[in-house]
Amino acid sequence: MSAEGATNGSAAGAAAPHVELRRVTKRYGAVTAITDLSLTVEKGSFTALLGPSGCGKSTLLRMIAGLEEITAGQCFIDNIDVTGTPPAKRRIAMVFQSYALYPHMTVRQNIAFSLSVAGQSKKVQNERALEVARILELEPYLDRRPAELSGGQRQRVAIGRALVRKPEVFLFDEPLSNLDAKLRVQMRVELAKLHAELGATMIYVTHDQTEAMTLADKIVVLDRGVISQVGSPLALYNAPLNKFVAAFIGSPGMNFLGVDITATNGRTASVILPGGRTAQIGVSAGASARSAELGVRPEHLTIVDPNDPQAAFAGKIAIIEHLGNSTILYVDTPAGQLIVEGEGDLDAKPGQAVGLRLSESHARLFGETGATL
Amino acid sequence: MLRSKRSEYFTAAVLMAPFIVIYGVLFVYPTIKMVEQSLTNAPLIGAGKWVGFDNYLRLASDRLFSVAIWNTLYFVVLSVIPSTLLALAVALGVNRLKGWLQSVVLAAFFLPYILPVSVVFRIWSWIFDKDFGVAQYLIAPLNGGHSLSIFRTIPLFMPAVAFVTVWWLLGFNVLLFIAGLRNISSEIYEAAGLDGASRLTQFRRITWPLIWPVTVLVFTIQLILQLKIFDQVYLFAQGGRVDATMVMVQYIYKQAFQMNKGGLADAAAVVLFALIVVVSVLQFQLLRARGAR
Amino acid sequence: MTASVSAADLAAQPGARRLASLRRVDLAGLVVTLATLLGAVFWAFPLYWGLVTTFKPEYEVVRPGIALWPEHFTFANYGHVLLETKIGLWYVNSLITSGAVTLIVVVMAAGAGYAISQLDFPLRRFFWWMILASFMVPIPALIVNHFILMSQFRLINTLAGVVGPQLIAPVTVIIYKQFFDSVPKDFREAAVIDGASDFQLLFRIYLPMNWGITTALAIITFIGAWNLFLWPFLAVSSEDMMNITVGITQVHDAFGVQYARDLAVAMLAALPVALVYLIFQRRVTQAIMLSAGIKG
């Protein structure tokens, strides 16, 4: 379900989807991995497929690539039905998690492999390989073997191999998972720069919400083979449609606590918080329930004086983590242990009794099914 | 992965073709023919009449055939057991060496395996030669001062051929045992040493159980291999009483190529086939069961 | 002898018992090592003895006494063998048949191994089970029917007839299949996306990534074919067609037994495979471990 007011390309021609999956289903024997899923990717966009392992994001990518057969439904690239087309003819290129660099070939041969398979002359192969190597700063390594390269360099060779084919769509399957933390940050920036430079359509699979948030203009959140929500990073962050998305996006994660609803008036609901205080939380029209879960992000809780009458909870600080630019506090409250994010120079001590003030406008209620009320 | 079924089948056909042709013509067809012909009275070349199980009955009553079976089993016992145990001992010894010394010693044990059987035959018939062989310096004193033709002395024939065979093939087993020993982490031995275990205990309680799978493997391979023995026995028996020391494959050879009885030879071949199947299945189960204890 | 002195000194100190038992263990180990070395000498002796005999003139050979080195070192035996026997012809025959067997087996096994490993086609399972089942049938039992078959093709007493039955090599197919199976799927997918056909995959990815295996299998196949006795013995009757392993058993001198010459021709037969082993030791041992792993 493509929510989030996305156009289906029916309006302006410029917004025609570059890649479209139409009601696709994927079955492995008796197991159904993906059911009746539809998805569009705009030209030139960086779209992330985000979700925990097993949610089907890699399967979707591989169906777009042609590495997996689509049991039912269709796949379109540039408005052409490619559902039955072999991968080599789809004008796509893929960067694998393990890079899959041919160990017995040099960097140059790896990059130029697709050209050599197509029978291009050695001259053309070398020219194009050099071109790509320049863009990715791989020139000094052209005659080395993959075993002699570092992780980041191998990654760039894998990207180079994709680049040289000048594909319509770039597909990335968790390319940064094999790198250490620092290198990951570095490569993220490189990928963002690459996208900005090339302006090509990129579809990026990851389980890391930070990667998705920083790189993508559109994120598709998947939960067990079904789309949970589609939207821009900020939209997903500020307006999650269900608990799954709310919990998955953002770090440190959102706090959840059970509350009872005393009254709703179509625009706000009055809830009783654990510990006895009350709050007024905005809801959408038509929402009605007796009890719900309240979700509030750590940065929307503030440490105040324990006697502050406006405090939503009374609690005691259990653990403090000083990160320099912010402070993470774990506070025991009647609602369980809540995570609070405060200023870097916050003055607090473990064991201190505090009050927590809740920013009602930023809190959300989630019903039994998980959907936002 | 998406690909056209037709092109996949075509590629498979091209790649499998040589195998299918070779296998079909040179393996499947002769095997079927072997069984079929064992039920006829065909000569070596040419067709014969159907005789049912007549050939098998003949084998059962042919004294030479039972001698051949007996000799084969006797040979197997004489060669497989010593070569397995000795190889383990050698492997234990070689494993303690290091560097170039280990390489040289290993090569000394392994090099005979590379030699063709006829070369092995020549070397050992020279060493055991009745008149001038160097082994007579050891044999003669045991024989009342007279030199002895080992391979013409029927009771000594099989043991001698087994001895030569062990010399020839030991390296193969040693190699496998060394690989198996290397898989046992040295930390286990260090821990046992700290626990005060003597060398013998270490062998009994650690090495032997852990090397058991390799022992079974070596034993199995040698067993099946030696049931098919022909070359050495044939070569060493030349000029002597061939019938007394005959083995199964030799029997097949004699019936087919000397007595011109193709059907009978095939029947013997089928019996050998059955024997191998039965023996290998039996001993594998037995040894596996024992190992699981 | 400083050892015994320090042992006595240390005996009075704590931890001395540990040291003493360590020395005891060393002694046992020393014995084992010595036994191994002696065993190696004993094992190497027959080959050495045969070799050294070939460099002795015949009268020395039949003299009483054990001479570990020739009194008169001579190449005469080899000279005689090279000139008077058909050894040159046998070398050529062996080279041709062993080379042909190696080439055909490797090509056939790589192709079949790849197909069974990577492709999906009808009867794939059936062929695989057939290969596994074929272990049970002993090749020596098939000699009669191989002979009949080869004579039907009029290939008896020809080199092609010698080659034929040697082409059955289930172990080689199985090894290739296992190694192709172990190539990570990613490489295949990346190459497919790059547009490679199955043939390109086989020749540019799968085989190059497994060159070591091909070398090891080729060497072991070659050695096996060179050393084969039973089938070449049956398949050819004329001396001109013999391979060297069979040929040397047919050397008969007009002047009775000539030990040195018989051994010389045997040494010449063994020389090529011994050289191949000494040069490619690693590959040979690798191939043997692989094929044993299959049979186990």
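Labels A, B and C are assigned to the chains in the order they are written; within every chain, residues are numbered from 1.
What we mean here is this: contacts are C-beta pairs under 8 Å (C-beta built on N, C-alpha and C of every residue); 3 or more make two chains touch, one makes a residue touch a chain.
This structure is a prediction, so every number in the text was calculated from the model and none was measured.
Colleague: If you average the Cα atoms per chain, which one ends up farthest from chain C?
Modeller: A
Colleague: Applying the contact rule given earlier, which two chains have the most C-beta pairs between them?
Modeller: B-C
Colleague: Could you state the distance in Å from the CA-based centre of chain A to that of chain C?
Modeller: From the centre of chain A to the centre of chain C is 58 Å.
Colleague: Using Cα averages as centroids, what's the distance between chain A and chain B in whole Å?
Modeller: Each chain reduced to its C-alpha mean, chain A and chain B end up 63 Å apart.
Colleague: Report the inter-chain centroid distance for chain B and chain C in whole angstrom, where each centroid is the mean of the CA atoms.
Modeller: Centre-to-centre distance between chain B and chain C: 15 Å.
Colleague: What parts of chain A, by residue number, touch at least two of the other chains?
Modeller: 66-67, 86-87
Colleague: Which parts of chain C, given as residue numbers and ranges, touch two or more other chains?
Modeller: In chain C, residues 189, 192, 197 touch at least two other chains, as defined above.
Colleague: When you check chain B against every other chain, which residues touch at least two of them?
Modeller: 1, 3, in rising order.
Colleague: Which bits of chain B are touching chain C when the two form their complex?
Modeller: 1, 3, 7-9, 11-20, 22-23, 25-31, 33-34, 37, 44-45, 90, 92-94, 96-97, 104-105, 107-112, 114-119, 121-124, 126-127, 129, 131-132, 134, 137, 167, 170, 172, 175-176, 179, 193, 199, 213, 216-217, 220-221, 224, 227-228, 230-231, 235, 249, 252-253, 256-257, 262, 265-266, 269-270, 272-273, 276-277, 280
Colleague: Within their complex, state which residues of chain C touch chain A.
Modeller: Those residues of chain C that touch chain A are 184, 186-187, 189-197, 200, 204-205, 208-209, 211.
Colleague: In their complex, what parts of chain A are in touch with chain C?
Modeller: For chain A paired with chain C, touching residues are 65-67, 86-88, 92-94, 96-100, 102-104, 113-114, 117-118, 161, 165.
Colleague: Name, in rising order, each residue of chain C that touches chain B in their complex.
Modeller: For chain C paired with chain B, touching residues are 25, 28-29, 32-33, 35-37, 39-41, 43-44, 46-47, 49-50, 53, 61-62, 66, 104, 107-109, 111-112, 114-116, 119-122, 124, 127, 130-131, 134, 136-149, 151, 164-165, 167-168, 173, 189, 192, 197-199, 202, 223, 226-227, 229-230, 234, 244-246, 248-249, 259, 262-263, 266-267, 269-270, 273-274, 276-278, 281, 284-285, 288-289, 292, 295-296.
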